[in-house]
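If you scroll down you'll find the structure; I have some questions about it.
Order of writing sets the labels: A, B, C, D and E. Residues in every chain begin at 1.
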Amino acid sequence: MVTETSLLVTLPFLAALAAAAAPRAAATLGMAATLANAGFAALLARALLADGARETSLGGWEAPLGITLRADGLAALMIGMTALVGSAVALQAMGRPAPGRPAPAGGFWPLWLATLGAMNALFLSDDLFNLYVTFEILGLSAVGLTALTGSRRALRAAFDYLSAGLAGSLLLLLGVALAYAEAGRVDLAAVPALVETMRGRIALALVLAGLAVKAALFPLHFWMPAAHANAAPPASALLSALVVKTALYVALRLSLEGGAGIAPARAALAVAGSGAMLWGAWNALRAERLKLLVAHSTVAQIGLIALALGVAGNPADSTLWQAAALLMLSHALAKAAMFLAAGRIAEELGHDRISGLNRTELRPGAAEFAFAIAAVSLIGLPPTAGFVGKWVLIEGLIAREAWIWVALVMTGTVLSAAYLSRVVSRCLRGGPHVAPGARRPAWHMGDVAALGLAVGALALGLASALPFALLETTLT
Amino acid sequence: MTELLPLAILMTSLGVAPAILAMPDDWSRLRTAVNLAAAALKLGLVAWLSLSVAQGAEFGLGLEIAPGLALELKADALSVLFLALSSVLWLLTTLYAVGYLEGGTDRSRFFGFFSLCVAATVGIAMAGNLFTFVVFFELLTLATWPLVVHRGSAEAHRAGRIYLVYTLGGGLALTLGAAWLYALAGAVPFAPRGVLGDLPQTHPVAVTAIFVLLIAGVGVKAALVPLHGWLPVSMVAPAPVSALLHAVAVVKSGAYGIMRIVYDVYGVETMQGLGLAAPLAALAGATILWGSFRALRQDDLKKRLAYSTVSQVSYITLGVALISPLAAVGGLAHLIHQGIMKITLFLAAGNFAEGRGVKTVSGMDGMGRLMPGATLAFTVGALGMIGVPPLAGFISKWYLGAGGLDAGQPAVIALLAGSGLMNAAYFLPILYRAWFRDPPADAVPKRRIGWMLAVPPAVTAGFVLAAGLLANAPFSPLGWTRFIVSLEYL
Amino acid sequence: MSPVVLFDAALALGVLGCAALALTLRDRTGTVAAFMLTGLLVALSWLRLGAPDVALAEAAIGAGLTGALFLRGARRLGPLRARPPAPAQAAAAALGAAVLSAALLWAFATAPAESLYPPRVAAALEDSGVSNPVTAVLLNFRAWDTLLEIAVLVVALLLVMTLSPPRVIPDKLGALVQPFARIVVPVAVLVAGHLLWQGAEAPGGAFQAGAVLAGAGLALVLGGVRVDRRVLRRALTALALAGLAVFTLAALASQAVTGALLGYPDGQAKAWIIAIEGALTLSIAATLCLLFTGYGRRSAR
Amino acid sequence: MIALPLWIVPAAPLVLLALLLVPQARPALRALVPLAPLPALAAALASPAPAPVTLDWLMLGTELALTDTARPFLGFTAALWALAGWQALRLLRDAPGRDRFLACFLLAMTGNLGLLVAQDIAAFYSFFAAMSLASWGLVLQGGGAAQVFAGRVYIGFAVTGELALFAGLSLGAFATGETRLAAMAGPEVPALATALMAAGLLVKLGAVPLHLWLPLAHAAAPAPASAVLSGAMLKAGLFGLMTVLPLGSAALPGAAAGLAAMALAGLVLAPALGLVQAEAKAVLAYSSIGQMSLMALGLAAGLAAPAAWPLLGPAVLLLAVHHAFAKAALFLGVPAVWSTAPGALRAALLAALALLALALAGLPATSGAIAKTALKEALEAAPAGWQVWLGTALFAASLGTALLMLRALWLLADAPQKPDTAGDVALPWLGATGLVLAAPWLLPGGAAAAPDPADLVPPGLAAALALAALALVRSFGLRLAPPKAGELLGLFEAAPRPAPVLALPPPPRRGRTLVVRRGRGAVARPERGALAILGVAAALALVMALAPAGPAPVSAPPAPVTGEG
Amino acid sequence: MTPDLIYPAAGAGLIGLALWRLATCGDTLRRIMALNVLAVGIAMLMLAAGRETLMLAAGRETSTLAAGRDTLTRAAGQDTPQTAGAGFLQAAADPVPQAFVLTGIVVLVAVTAALMALAERLGARDGD
């Protein structure tokens, strides 16, 4: 009997192949597969809520030898996030005007479905080497998405992204090799054993360094802004909202497995995270283009999530890491909405210079409103999920008297308010776009997707009991 | 079904907001109809709610957000007081705004955010615990900012930026304080006479620090002295915005927040135990004097009214900070009285600006003859503010004075007299110019004042008179505040 | 110092030297030659480390195909114009690299390295359907890794198809190319078939066979076979995508039958593995061919 | 008499005021203004006093009742308001701000009548405030520079007085715990409260240090307004003091001494300052100050010897009634004189006015004499120490009044004719004069008192002094340079602020955006990125290797390990 | 230098070389080549560790090789195990790392192809 987990990991690949084979029908096939995937994700979540986490070993071979797919709360939440954001982005992609003739290999759809399959496999995987392979698929398909537009800058960014990604993966592989040499096994169950010895900790350090490159954490984020800013809107939404999250997810998984022993890594993560917040905000304040601003805000928000992971402390005794998970979820929704909205604005106005937002007589009202709501969620103001995440985080930090980190989270909030209000206030400023003659473009599938996601971020604020319940079933 | 009443009241404006936002600009008839229907429905529901609360019914419903964190709506006597004020005045101000913005641009956006503001105010009124209060408090900031920058001019945006800096800063302080309190005390519901239990004894320093943070956060909107900078600056907003928001919704939610924190989170005994009441009262007193002092020299009419708001709202804070039932009655009553008086003044000022293009005090010569109706309403409001007896202002000043004496602070009487004098000093010249000076020769009407602009100030002026004259009636604001204080203090 | 140790030391020095040459020479073709030589020496070292399967793959893919890709790239990218890095940066890089490699050496040298896998593999080899442990691991115990690995290949192909770099049009090589191809291609096909079949018992398997077939393909292309006819390219693409499709469908079918994803029904494991390996060989060959020849409409030189 | 509900007293003028707001009904209702106080007059004269009314829903629970002391007050106040209203209608028929004046007039009337019947603090204070604020409107009528200055001074004093009263009342209410006005005279009311309340009311009474607004207001206001101001409103202050001070119940020697000092200062200063005034109404105003000081003296005596209050009370009351009618008649007479050209008719008018003036000065067989003798006898019962200077004070008062009257008549005599005042302005004046002259027969037991020769001395001496002064002026050709009105405050009159010179608008502020124009993005150098990766990997390895398992999270703020591309 | 240190040293050397080159040169082709050298280095370390386990178990007949050989002989019907070349063909290492390295090689060639495609599309001009 075919279970949801196996369908979740295999269906996207089959759909990708079908889309590649039949470029003309790629859009419908892609959309159908995405929605089916969302359905399975929902089924998985419901099953988990009903009877808790479950592990399925592939091919019937037990853990150290074979590979097991662990479907627990955290994984289900991430898969749900991917499905939700993915369907919205797919909606936006459906709406985009098809180029003259369908792209040679079906263009966006096969690559998106491959990304979806890779992410599902990654979230469910319980084996370090398997993670390496899934990261590779993810890297390649993400680069494909980045290079879709074919512009010079996009290709340059794609090359940098792929080379950095490969370097990161090889570091990860080096860590796996050392882990194998040290503990003799490569599945996540080895992590507690690795944490004891110095060599094991070096192995984990290498793995984390690889993850840091993949997650574009602060000192290693050089490749990300160019890639995310120059990609097509649906692609940049996927990259910013989902792809960079996978590395953070694995870091969280390691933190869960490692428990107290991995504290120095968590401290490093927190330090890098706060650095990212400050650096990302500084660049966002100085960015002149809308997409570049949003990309730098991703650097900052990734920093915030890393900080949350870092200061979460030993998962055995505090559930603060759940706040980090919720922050990941809310950031995914909000950032995807923001990129889709930014894409729509750039599409309508023909440029995305921030200073020019109110200079033309065209007024993409819906996109601007979606951007504003997404900004509210990113800043972390109520009633959005961002606020709930930050509230739980601050409450936990205060309970542990970690005042420096509270101050840093607060500074991050203020800085994000500063650079995001640059854009929102520009949309409200007077100018030809509010003159009586200003015309509003017709509603577009992209607007629907952006608004849907933004409202999703709001609704998640009210319904964040569901993610927390799901996270309870995580195996630590 | 009845316990869904608070949610229904909240949804009348929260549900309407997205619908209006989505409406294209030129559907003004439908938009006005929806707006007024929603306002009227809310009024009806609030009336029903207040009736049942008067008979002692309690309403409450909650939504579990996260482990140990819940959004709660609770309608008790104190919330009904603020609820009634905001829903009545919202109906009038919507009517006024429709008339005021005829032919303006971006009206859907304006009315969408307008009803969002009131939804936030209603949420604040009915918040059942500190977390819900923080959520709606921040929502209010977000909903009011687009209204402040509605005109889109560089000046409006400068004001908007200052407004955002103040209110977001306050919001952060409030969130930090509330999170800290949640970390120490677990859930913090609003219950009469405080919920801190033995916390003040075990963590006195932390509890005091939290109090400072909470009051700082809420104080920004209550325009306490060091944090009042945004109020005069955001007078650049259109008249209905400054009328409803900066005179009633935003400022009052700040004062209401102080009330909730003092009565329902800390409780009167803890306030006295930790010695927090006296500094708060001193701060309120300082604000009263400073606000009036600054109002003396403002030539811009709305700026003068703004500074007067800064000082008048601190009466409420003073009433709350003086730990005595009489002062509480005075403070609570002033919440309503100041609201109706100040909205009358702002609406009338809006009429002067719209009708005659008069924005400054020096331009008010002979306004009594040019626009008798608006000036009469303005006069009633102004005299009420000074505290001339038959009007509402006198009642609350009377109780505040009595409360001050009851709390053993005779200085309060001197303060009230002094600020009354200053109020007279900055309101009477306006009245003198309006009534006893001849209008300038070249006075030309800028725009005909339709009934939509003329009726609301008249109605609110009537409220001011009624609140003063019928103070002892069972359902008057004073009566209701006595009912509340009897719950709080017994 | 037994001769074996001497040989190992020489081999290691050879590998390091060639790698250094590959990375520091300024002449493009020189670097590619050095890189291919490194590949061959590394294949030898895999033999010394007791990994014949890997040696075969390394020789065919690592040295052969990657070398071909580099040659194509070197031709198109033109002369090397690298700006020397700032001295501080070079020093930091050298220091960092040295520190890291020293740490790695220390870690690997002192690692206890008692792997859990050999006893388990030995125990499970019986009902894995094949006797070559590497193939057993690849296609049974950790078949999921292999499936995803094929997915990597497919995605790489998709990416190249999206980018559609200009196609390779070989210029007239010397007179020897045609005869060379005429001899090499049939031999390669034979060798590939043998490797595929022998993979179950001895070093060999889908990847090695596929690589050899790809080599044959390359020889044909360089020999002047025109790949731009639309039908041939579409067929090759279909073949390339078919590999992953077959593998995934087999996985789902196996779950339908035995309830565990990629759990072959016991007893028929060998048949399933061989079938899958056959499909994989063809698709890997097609993919590697297409990756080399590229997709563009008209080729720049 | 029909039983009039007591709330009709303040309600009648209020209703009329409300109706006046309707522009269309204005011409018809204007005529009703003089009739508005009539219900109050009827209530005052009704033999069974109207029953007290309690409206507990109105403000803090209002209680209206007509006490014995209040009846005479209500009587003469209502009469005065009627006559003044009548003359105001006639005098200001075509004045520009007439409707506004009438509105203020009605509101002041409501306040004045209401406070006489109000028994609870809130109502009393409301009516008191309404009266003083509305009369600001009366003073400002005409809009001239004098009116503006007088209005500013008046409102200053009025508001301060009101706030003092508010503070006193709230202190008293808190101390006694109840809101009845009579309770304010209770023993447990703190001295501070009584002092504050007295101060507020003394401002309205015009006692000396607080009298500065009175001459200005009376001179600036139109004649009927001045008549009502000095006739009725000053008495309101007196009425307030009589209810608030513990007269007849407790002895407050200190307060009595203070009040007496103020009264004596008034008696002396009023004539001195009055004589040098250039305006007839100003002189009359000073004479009012003198008279009010006399009544204040009576109160002071009452405070000093509570036992004497039953005698003093009626005397003060009598004096108040007499002064109200006489002073009002004089004020109403002023426009009558203005309306006539110098000639026979003006001479006749002046003769009648002279008669009034003499009545005021206490000529025997006039109500003035009756009132003065009553006061003299009452003062006999005053405490011993006071006897010595009470006699001289009375003599000085009557002398002063006589002199002031002569001065006023003199100024009126050569006042230029104001042609625009309507002819029938004199009618209400005639009514008032009739009331004054008929007073001896109306007042119970008035005529019986035998004329005492001592009363003749002050007017005779005054006439002699006047003639002497006239002769002096004639011989030396002295021209008397009248000082500017409002002697002390004249100094403070602010020079009008210079009109602001046309200021240039401030230069537009350059936008402070944070966007720093960066040069073309630095060429992204991939190798820097790889160096960063190498650095972080090495650093992380070292941190993980060296740091023992489980240290507290590093709380030092971040120092990025390597430069960033 | 005990025999089993040679290959780890070579692997570490390759990794150090590759990382140094990556951090000092911006040329696309050279960076791709450096990445390949890095991957080879890692494979060497992994396989060295894999054989290392076998060497430790040298005392007893390596279970894997024997099991492998037995099945081979049974399949071929011969009774005597075919002895591999005496010294040269070492006993078979732990198969799992071999699988990892094999997968690594295939993945590497795929990514290298993608990198080369990108590099060529970027064109020869900016080889800086």
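Following the convention adopted for this analysis, a residue touches a chain if its C-beta (ideal position, glycine included) is under 8 Å from a C-beta of that chain, and two chains touch if they have at least 3 such contacts.
Chain identities (UniProt): B = NADH dehydrogenase; C = Sodium:proton antiporter.
Because the structure is predicted, anything quoted here is derived from the model rather than measured.
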Chains contacting each of chain B and chain E, listed by label: A, D
Contacts common to chain C and chain D (chain labels): A, E
Two chains sharing the most C-beta contacts: C-E
Per Cα centroids, the chain farthest from chain A: D
Farthest-lying chain, centroid of Cα atoms versus that of chain E: D
Chain occupying the most central position, where position means C-alpha average: B
Centroid distance [mean C-alpha coordinates] between chain B and chain A, Å: 42
Whole-Å separation of chain centres (CA-atom averages), chain C against chain E: 11
Rounded Å distance between chain A and chain E, as computed from the means of their C-alpha atoms: 33
Separation of chain A from chain D, taking each centre as the mean of its C-alpha atoms, in whole Å: 77
Where chain B touches two or more other chains at once, by residue number: 154
Two or more partner chains touched - positions in chain A: 65, 129, 133, 136, 140, 143, 147, 155-156, 163, 167, 174, 178, 180-181, 184, 202
Chain E residues counted as touching two or more neighbouring chains: 15, 19, 22-26, 28, 31-32, 45, 49-50, 52-53, 96-97, 100, 103, 107, 110-111, 114, 118-119, 121, 128
Touching chain combinations (by label order): A-B, A-C, A-D, A-E, B-D, C-D, C-E, D-E
Contacting residues of chain D [partner chain C, same complex]: 527-528, 531, 534-535, 537-538, 541, 545, 562
Of all residues in chain C, those that touch chain E in their complex: 4-5, 8-9, 12, 15-16, 19-20, 22-24, 28, 31, 35, 38-39, 42, 45-54, 57-58, 61-62, 65-66, 69-70, 72-74, 76-83, 85, 89-90, 92-94, 96-98, 100-102, 104-105, 108-109, 111, 113-115, 117-119, 121-122, 125, 131-134, 136-138, 142, 145-146, 149, 152-153, 155-156, 159-160, 163, 165-166, 201-202, 207, 284, 288, 291-292, 294
Of chain E, residues touching chain D in the complex: 19, 22-26, 31, 128
Chain B-touching residues of chain A, taken from the complex the two chains share: 319, 326, 369, 376, 381-383, 387-388, 390-392, 394-396, 398-399, 406, 410, 413-414, 417, 421, 425, 428-431, 434-436, 440, 461-462, 464-465, 468
Touching residues on chain C, where the partner in the complex is chain D: 85, 89, 92-93, 96-97, 99-100, 103
